[in-house]
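In structure tokens below, several structures.
Two complexes come next, and they have one chain in common, chain A, joined by chain B in the first and chain C in the second.
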Partner chain A sequence: MSGGLLLFIVRRMMIVPPTLFVILFITFALTQIAPGDPVRIITGSRAPDPVIAERIREEFGLNGGFLERFGNYFWGVVSEGDLGPSYFFRSPQRTVQELLGERIWISAQLGLISLGLTYLIGIPLGIFAALKRGTWKDPGTISGLMVFDAIHIIVLVQLIIWLSVFVLDDFFNLFGLNIPSLWTPGNAASYIIPVLVLTLPGLAGMARFVRVSVLTVMDEEYVRTARAKGLRERTVILRHVIRNAMLPLATFFVLSILTVISGSIFVETLYGIPGVGSFIFRSITQRDFNVLLGITLLLSTLIVVGNLLTDILYVFIDPRIRYGSRGS
Partner chain B sequence: MTAPKILRTMGRGRWLRALPLGRPWLTLLALLLVAGLVAAACGGGGDDSAPASQSAEGSDRGERDSGRDDGDGQSADQAEADQADQSDQPRPAAPAARQSGVLRIARGEPITLDPALVTDVTSASFVVEIFGGLVSLDPDLNIIPDLAETLPTVRNNADGTVTYTFVLRRDALFQNGRRVTAADVKWSIERHAAPETLSPTAIDYIGDIVGARDYIRNQIDEIEGIQVIDERTVEITVDGPKPYFLAKLTYPTAFVVDRNQVESDPNNWTRNPNGTGPFKLAEWRLGEQIVLEPFDRYHLGPAKLDSVQIRFAGGGLTQYENDEVDIADVNVNDIESVRTPGTALNAEFVSRSELGVFYLGFNTKQPPFDDPRVRRAFGHAIDKETINTVVLQEVLPVAEGIIPPGLPGFDENFRGLSFDPDLAVQLIEDSNYAGSPLLEGIRLTISGAGATPGPVIEAIQQMWLENLGIPVEIQQVETANFFQELDRGLYQLFNIGWIVDYPDPENILDLKFFSGSRQNDADYTSDEVDALLLQARTEQDVQTRIDLYRRVEDILVNEDAVWIPLFFSQTNQVVKPYVEGYVPPRSVVPILRFITIAE
Partner chain C sequence: MRTHEAFGPDILQGIQQEKSEAPWRRGLRSLARKRLAVVAIVLITIIYGAGAYTILDIVRIPTGLQDPVATNLTVRRPIRTLDGDVESLGAFSDRQGVSLARISSLNPDVVGEFGTFTPERELPQGQQLVLKADEALEGPSTRHFFGTDRNGRDLFSRALFSARTTIIFSVLSFLLGSVFLGLGLGLLAGYKGGRIDTIVMRVGDVILGIPGLLLLIVISASLREIWTGWWEDGDAFFGWDFFIAQGIDHITLLLFATSFTGWVLTARFVRAQTLALRETDFIIAAESVGAGTPRILLRHLFPAVLPWIIVGMSASLGAAAGAEVGLTFLGLGIQPPTPSFGAMITAGANVRTFDLHPHILLVPALTIAILIYSFNLLGDAVNDVVNPRGR
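What follows is the complex of A and B.
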């Protein structure tokens, strides 16, 4: 197996650079045909002197043919890892790396915390629902969670802000928490609202996934065998059912990490969180193309590499999957 | 004070999207205008903006003014946060968790702190606190000496030029302790104007100085109109008697910067700027906040605050009521709770007019609006008073004319086109386009990306339909394209705002209506108006000059109907009772040093 696997990994890795190149090329092309001139945006509502506008355009490298500009950009990225300057934040000059650095960290923190909570809360609830199949507790649990999934996240943010800042503030004060109505630098209580908003809608999906998975396993013959040989129900559930039911989640995990790192545009924007999500939106409205290209490159690298890891993980988790020579 | 800004748009765009993002006092407007916010919020999703950014442009402008752009951007950030502000839940006074001596406010993130590059309101509001120039504006927009000891002496030269002589204060210092000299003044202005600095505003603000235009276009090595006489004396010669020139020197393009610092790190010196203003940049956390601390040897008297925390998101009533900010903007959704007499919020409510106007503009070269009768008909068909009482709850003063209150030349007795549906119909019938298919399919373009254009624009659309029988389509265009397409004259009818940069009617009437001005968005040409504007440029008698501008305004509004002024901009805010010495500024002026926090 190891030879085939190695070949498989190498082959998959060789696809990564061309994939990223194509993504970058398409995104770059899109920025060229997008309406709106970055120069006009930085000079404001006031129409710029044409001579000055031309000079700014030159400085940003906005002159020249499409291929020439793409070539310059691509060479900068490949040779020096230089994603170029922001068009918008000009003095102090901010590189794309600088603008994104802190933001990725904040988005990732929020994303990982809420992802962890989704697993921690969603899995037990899903198991609970599965074990209570046939009673009101099963649909009760799942539909209770579905409520959060059904409310649009924009409304959910407002609702949770209102609840935690104005209705339940005395409750939170008991624990010494004064939850701000907006993200506040240096205040750890700022995490509460975004984490709630990012976690709650995902619980239903997680619980349902786990529930189905557990139910499937419970119908397996080896579970019947375990029961038949007289194991206690608790042992059957813990040892045989849950362990096997959790396997599909492992692969799910890699991809969900990636999606949370990209941040939630809505939550970050509405709660004033300086993360990647809110910045994507802002950069689009400002036509800050270098920033957009940088974000795209970053996220697509994560996704491409994440997919690769997932494929590899599958091989270890499910021995039935084989990647080898095509004919086998 | 930023470029005469078009009021910049908020990222979220409802009408007057053109509001300065991020600039708290203007953001308010943005919010107001965004009265449709709740509805739109749900549809609009997460815009953030900006910048700030534009509004005056900025917001966003990024804000370009505004815009904020934008914004914008503008801009943008405020908007986002304010969306969370729809709770009007009265709150019991929470325990004040604030530190004494620290003022907490919210506005958008500046896109630059370089006085030469700033064009948006948000960035300008930081620049005016950190830097300073020869002269400055006080909160009532009077021109006052800053680095100069007194206002300059003025000498008319034989060749028609005018020389201003400034003597610097002996105690004027950079924040690192170095004394400001006349050479610093000359070097700074030349640096801002230098072609390689790429300042978008230098040509407009210092182009009147003798030699400056050639210098900006890289044809000469020095601006000969700026002469260093001795260490403390500098003479600035202007190419003609221009009563508004001194006001232009209050704009950041004339601010003094530290030559050593700029030359040692041309792109990044603003990370730790060494200005001459009342506040030093103490901290800048990207995307989160800026902290300013007083410069304790400031020549006009050091600020009394310990520090100012400026967050880049929020600023709305929810935060204010939760004691997270000390000053907040009040949007139209909240105006009722603030207006209820006897409440704490009502006692803390302040409003003040700003030097801006929101208007409908016509492209005077495109049919059917190349006929002034059609333009006037559209004006006579709008009932601004009803919009004001019903839709806006009187949060904005109705604009009869173009010159806003507070600007010299404002006349409270001025009357624009009256609401007169019969006359409006008559004018259409008398026009060249009576019964013409060109009256169908008229399109009103606004800057924005919201689900609805907002109640004001919808009301106007409805009035045109009812009173003229003319259906008008509303097109929303993202801020990023709006100004560009407006420059190109692509819109036959548009809605935007304009805030002046310095308190002189020249900054709106000449800039927006002189034939061939780059800012003439109506593409308007009139020999009569041009002649009056030219005369006003150099008219030395104050009253005669004002009368000239009033005549221009009358032609523009009542005869040629180039713009339909809708509302003047106004700041509506709540201010905590312990914040003393604060008045909402009418434009971007240094304000923080006057504030104290009562114990």
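What follows is the complex of A and C.
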């Protein structure tokens, strides 16, 4: 049995490097055909001076065929984590990994806080909805949360900034809270708006997932057995239902990360947070394709490894799972 | 098994036709009993109907609506030159100040309206001409139900034309991404198995490994120049400038990107269903009487998994509408002359603008939010009908 388990984990891990390699190849190819000629982006001119163009080609390693350039880039990434030079930050010349290193901390902070809150608020609401099945409170909870999911995050940011800075500012001032209308470094109150906006849209999905999970467990035989042997309802719910219903949540983790990542592009841009999300927006407008490539690789690695951990974790959590063959 | 019973093949239907209702009819009936679902359907019908109405405009039938693109060019009063004092003119902020030179490059008709006014003569060095559009930034009234934007364009008309863009884009994206690619590849992978299955699923793994929005960004940012170039080259040959004026080049790029990234989950789901169905009696029976792969896929497996695609349709249409807004905000979606909710939301996405003129943001934001919310409600309801286990 445990031999099969080990085999499953090894096999599952072996998929990761080729997947990442193909992702690297596809995004590299896309960003290479992108502008026609990167020299035009770097110099910012449609017809750059041939001498300067040649120098830039040399410097950025743009000479040589596609495969050669891909080989160089791939080797740089694998051997020393080098994501190449930025097209835009040229004086002094910065590398993509440097630029990302400066920005990732704040994004990770905001993302992790929001993820934590999504779980912290979403799980109780989902359990609540499931326990109130058959009353208006169940669909009321879920469809209430779905409102935040339906409002586009761009609009949600505006509404929340407007509410907290223009309408309720006097109210917040009572508590000595002064929420800025733009990100202010060193002001802890400026975390409030981005965290709120990153948390709200994910709640509906989380609560709904928990609700279905709880309802599924409540239909199980062992819950009926627990009730039949005369346990108090509270004990049944806490011990038997909720504990088991939380297991599938492991599969939801990567999905939550994805929600936060795509949300952060808009939130960071609109709230002026110097993180990875707003850097994506900048690299689009500045046509800094090396940065775009680097960020895609970084976040894809996060997702692919996250999926791997989920699958492995799930085998340990739920021993019933068939790990002999790759099911889904 | 459950699916088989509820939405069985035509053989079973033939036998039971006299006794019981067709399954889809039974499904519709139980859907009609859900009040929220009915409300959602009504709201979707209103928004889609409004958008569909503007299709009349494509075939040159007068709609009674304002032109959503060119109305800013009814600018008649070149007020005066100044350094962009916004409030006194109420039209363009200094950042959005439009010089006459730029306006005339947009549309030669305007220059005609200004008569002898030439930018070189009238504009002092370093200053911008601030124009006040007629009826700019008016609130809702009987003349303009939803008010006007900063270019004096009627937001009601613009919302209707934006709905048209959303409908065209999201319906095509559903057909191409979910039905053609998702259903097609899922059926093929599930039924044929073997190498085809492996390839389809591995490609799916790779696509799911990249955060969805980021992949959309990379695709549309990278291919934009080439893509629009192709359409322009094609224009020289086919003369389809009418479609380019409607923004078809950017819509198709968006379509390609969303379909390319959006088929995987549908395909996985359909594949799992097909794997189960493959072993059921009616498929084995069909195989044993010598039905070929295309026939089995189209006549037997397709009807059996179709309900699941319809469940996914709501989510897919809603997601496409949302993706348009996001990508347009990033400058990668529908481009300015074509009216779209993304462009309208981007124009209003500023807290100070919102505080002064809330209708600019609220009109597109509420419309798209109601649309997406209705789709989500409907999706849940349809899911309950098709798959009652969740209850």
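By definition in this document, the second predicted complex is superposed on the first by the 301 of 328 C-alpha atoms of A that agree within 3 Å, B and C clash if a C-alpha of one lies under 4 Å from a C-alpha of the other, contacts with A are read in each partner's own complex, and residues count from 1 in each chain.
Going forward, contacts are C-beta pairs under 8 Å (C-beta built on N, C-alpha and C of every residue); 3 or more make two chains touch, one makes a residue touch a chain.
Keep in mind it's a predicted model, so treat the numbers as computed, not measured.
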item	value
Partner chain(s) touched by A:Arg282 [first = chain B, second = chain C, both, neither]	first
First (chain B), second (chain C), both or neither touched by A:Val165	both
Which superposed partner A:Arg46 touches (first chain B, second chain C, both, neither)	first
Chain B versus chain C as contact partner of A:Ile56, first or second or both or neither	first
Chain B versus chain C as contact partner of A:Val78, first or second or both or neither	neither
Touching partner for A:Met14 - first (chain B), second (chain C), both, neither	neither
Touching partner for A:Thr184 - first (chain B), second (chain C), both, neither	first
Touched partner set for A:Phe89, first chain B, second chain C, both or neither	first
Touched partner set for A:Pro139, first chain B, second chain C, both or neither	second
Common interface positions of chain A, toward chain B and toward chain C	35-36, 152, 154-155, 157-158, 161-162, 165-166, 181, 265-266, 270, 281, 285, 287
In the complex with chain A, residue positions of chain B that touch it	2-8, 11, 18, 41-42, 45-52, 54-58, 60-67, 69-74, 76-77, 80-81, 83-87, 89, 91, 97, 111-114, 117, 119-120, 195, 198-201, 203-204, 216-217, 267-271, 285-289, 311-314, 318-319, 322, 324, 478-481, 483-484, 487, 496, 518-519
Touch list for chain C against partner chain A, complex	36, 202, 205-206, 208-215, 217-219, 221-223, 225-226, 268, 272, 318, 322, 325-326, 329-332, 345-346, 348-351, 354-355, 361, 365, 368-370, 372-373, 376-377, 380, 390-391
Residue ranges of chain A in contact with chain B within the complex	35-37, 40-49, 51-53, 55-56, 59, 88-94, 98-99, 102-103, 152, 154-155, 157-158, 161-162, 165-166, 178, 180-185, 265-266, 268-274, 278-279, 281-282, 285-287
Residue ranges of chain A in contact with chain C within the complex	15, 19-20, 22-23, 26-27, 30-31, 33-36, 133, 139, 142-143, 146-147, 149-155, 157-159, 161-162, 165-166, 181, 212, 215, 258, 261-262, 265-266, 270, 280-281, 284-285, 287, 289, 292-293, 295-296, 299-300, 303-304, 307, 328
